[in-house]
C-alpha cells in the first residue's frame, strides 16, 4: 500500500462488527481497542491483518464506494445512493463513457460516476466546495475524476471535448441545458436532479426547446423492511423526498 | 462497423423520434420509411447517416444499456432498471470488480453488471434461458460476461476464483448463501433479489447464520411525474411491487 | 321493504360469493341462476332469504356505502374511498355536522358525507351530472343530501346557512375559497381536492389570503398486499395518483 | 356550557394562531397571554369570546375529532387518522351503525367511530388503559361509546347484541375472528389492524376458515406536500409504516 491511500480496518467485538476508514501515513490511529500504527500498513496488502497495541486484530479491506459515501467530508446533503443508482441505470453508464457533471458539491456523484466511467469532468462554482470534493476524490483514489472550479454555463461551449452522459445538479440547470446538445455524443443522455417541481418544469421546458427527446421525470423512493423477533414490516421510519430525476436523450 | 454488431438507427418524422435497433449484416431492414440496406453500415461509423431507399435519412448511434434493455429477447420479467441501479449503488460496483451472478434469466442484470465490471460470471440452470441470455450478451458486444448453464449450488465451491460482488436472483438463493463466504473477497457485497417476504426472511436467516453483516432489505419504488398543459402531477399509473433487495457484507 | 329501495342479494355458487344490487319494484331480475321476482321483496326484511325460479337461494342484505360506491352510475372518475376516508378523518366529520360540497360529479363524496353528517348541500354546475347524482343519492336512500344545480361561486354568499365542513372538488375551487369564511362555523374545516400541483398552489394562496390556518396538503396512497400460496408481497399492480387533499381551518 | 365539557380557545398573536383545549370548571388556565377564568365559560356559548386578565381575547370553539386526537391522553401510539379514515370509508361506517371494537388503547379509534356511529362497544383488557380511554371519551362528550374492561375472546359469545362493523386492534385478533360471524349483521364488515405481516397472515387464515369473503389487506400511506418560497415538493420527512388494515365481509 502507498501513503495517502484510504484503507478500511474491520474488527469484530462482542459479536458486533466495527469498521474504521484510515489513511496510510506516518501516524497513529486511536480506537476503543487501542492505537494502531498506520505506518505498518505500508508493508501490508488487502486481506492481511494488523494488530492494535492492546492485541485487537483488524482485517485490512479495500474500501468501496458505499464506504467512501459514508466517510466522505460533506459540504451539504449529498445525492443518495438510490438516486445515483437510478441515474446510472437509466443512462446505462459504463466503463467506456466520458461524463460531464456540474454542481459537484461534496463530489459524491462524481466519485460514483468516476468509479464506473472512463473520465469524469465536474464543475463546481464554489472554491471551498471544489477543494473538499477534490480531497474526497483523491482519498478514493480516483485519478480519472477532474474537478474544475468555475461556472459551467460560461465554460461549456469551449470545452473542446464531447461526452456520453451529462449530469446536472445545480440551481441553474435550465441555463445549462441549451448548451448540452453541442457537447453530447449522439445517443447520449442528459440527466438533471432537482428537489422542486417548479425547477423541474423549467428544465423540461428548456429540454423541449433544445429538441431533446424521451424526456422523463422520475422520483425514486426506497423503503427499508424490518425483520425482528416480533415480526416483519416496512420500517416505521422512512426517508422523505430527495429530488426529481429528469432524463433526456440527444 | 463490423458484422453482427448492434446499431441504433434514429430518425425524426412529423416531430416524432423513431428508433430501430438493427444488426450489421448482409440484409435489408424494412421500416415504414422504406427499406435500409444494412450491409452499407459496414462502411459507416457512429454519428454518420444512412438513407432508406425512399430517401428518409437515419442517424447511426451506438446503443446503450437502456436500448439493450428495451430490445433484448426476454424469457421472463427482467429485473427493472430501478432495482439494477440500487444494486449497483449499494454494492459500489466498479470497473475493477469481478461479479458472480446466479439466475441469469434473460441476462439483463448480467449485461448491466458486465457493462461496468471487469468480469461477470452468471449461472442459469435452464438451458434455453442460458441460450437467450448468451444471445443478448453477444448482441450487446459484452465479451466479459460469461454465462454458464448449471446449478450454482453445486458448482460454487469449485469455481477456483473469488469475486467482489455476488448477485442472486434464484428461487433457492437461501441455499447459495452459505457458500458465498468462500468466494467473496473481504469487504465485498452479496445481494439477493426476491419478490416475497417469506423467501427474503429465509435468505436473511441464512446470511445471519453465515456471519454476513450490515444486512439490509430494501424496496425501491419509482414514480413518474407527468407534466402537461393541464398541470403537473404524479402519473395516474404506476409500477407495483417488483422485488426486495437484500444487501449483506462479507 | 318499500318500493324503490336498493337491496343487495347475495348467494354462493361453487365456493364463490356473487352479489347483485337490485331495486325493490314490480319487475323481474335475471341472473345466471334464474330470474328473481323483485316484487316479493316488498314482503321481506333484511336477513331474510329469497329464491330464484330455478331454486337458487339469496340472502337479502342492506347495502352499505362501499356497495353504493361500486354500483352508482358514474359521470366521471369518482373520488376514491382512500381520499374520502382522509377527508372524513382530518375534518372529524360527525353526525352533528352540516356540510357544503361543490363539484358533485356522480355524488359519491356527497353520499359518503351524507351517510355520516346531518345535512349535505352539494352544488353541481352541469345539469346532467346533477341528475345522475340525485338518482344515486335517492337509490342510497339518503334524504339528507340535497343536490343543487348551479354555480357555487355565485350562490355561496346568499345561502343563508352556515356549515361545519366545506368540501370543494371543482376546477375553480380557488375562486370559491374567499367566500368560505362567511359560511364556515368557527373551528370548522375546509377541504379541497385537486389533481394538479399548480391548482393546489393557487388554492393555498387563496386560503392564505383569506386567513385560513393550519393549511396542509396531503397525498394519500394505498397499496394492496397480496397473500398467496407462493408467498406474501405488495401487489404487482397499484393505483397511481388521484388527487391532492388540502385541509384548512377557519 | 356545562362543567366538564372540553372547549377550544383560539387567539391570534403576531400573525400566528394559538389554540388551547380547556375544561369548563371552577379554575384558572394560564397562558402566555395571562390567565383565563374558566368558570366564565359556563355563561358563554360557542362562537362567543372570552378575555384573559391581561386583555387578550379568545374565540370559543367547539373542538372536533382532530382536536381530541391531538389532546387526548395516550397510553401508547394511537391509530393514525389516515388509517382511521380508511376503516371508515371501506366499511361505509354511518350514523345507523352499531360497532364492536377491541383493543381500545387510548380510545382514539373508538372515539372517531363513536362520533359517527349510533353505538360503539369497545373492549380493553388492561384496566389502566380502559380508565384513560374512558376519560378521553368523556372529555369528548361521547355518551354512545361504552368501554368495557375484559377479554373480548371470552365475552364475545355472550354479548346478546349484533353489530354492523367489528374493528380489532389486538395482539390476538386471529383468536377473535372465529367468533365474529355470530355477532356481525349480514352485509357487515370486520376490520383488523396489525403492524406485522405474520400476524396479518394468521388473521387472514382465520378469516378464510370462518368463511368471510372479499378479504383485502391494504396499507395506507400519506405524504405531505411542502409549498414554500423556494418551491413545491413532497416533504423531506415522512411517516413510515403504521399497520396493515385487513377488511372482510360477512
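Chains here go by letter, A, B, C and D, matching the order in which they are written, and residues are numbered from 1 within each.
We adopt the following convention: a residue touches a chain if its C-beta (ideal position, glycine included) is under 8 Å from a C-beta of that chain, and two chains touch if they have at least 3 such contacts.
What you are looking at is a predicted structure, and each value in this text was computed from that prediction instead of being measured.
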Each chain counted as touching subunit B and subunit C at once: none
Relative to subunit D, chain with the most remote C-alpha centre: B
Same or different residue numbers at the subunit C/subunit D copy interface, by half rule: same
Computed distance of Cα centres, subunit D from subunit B, in Å: 49
Geometric centre distance via CA averages, subunit D-subunit C, whole Å: 22
Chain centre separation in whole Å, for subunit D relative to subunit A (CA means): 46
Touching two or more other chains - residues of subunit B: 197, 219, 232, 234
Topology of the chain contact graph, where touching chains are joined (line, ring, star, complete, other): ring
Sites on subunit B touched by subunit A in the complex: 8, 10, 17, 46-47, 59, 61-69, 81-82, 84-95, 112, 115-116, 164, 185-189, 197, 200-201, 204, 213-214, 216-225, 227, 232, 234, 244
Complex contacts: residues of subunit A adjacent to subunit D: 195-199, 219, 230-242
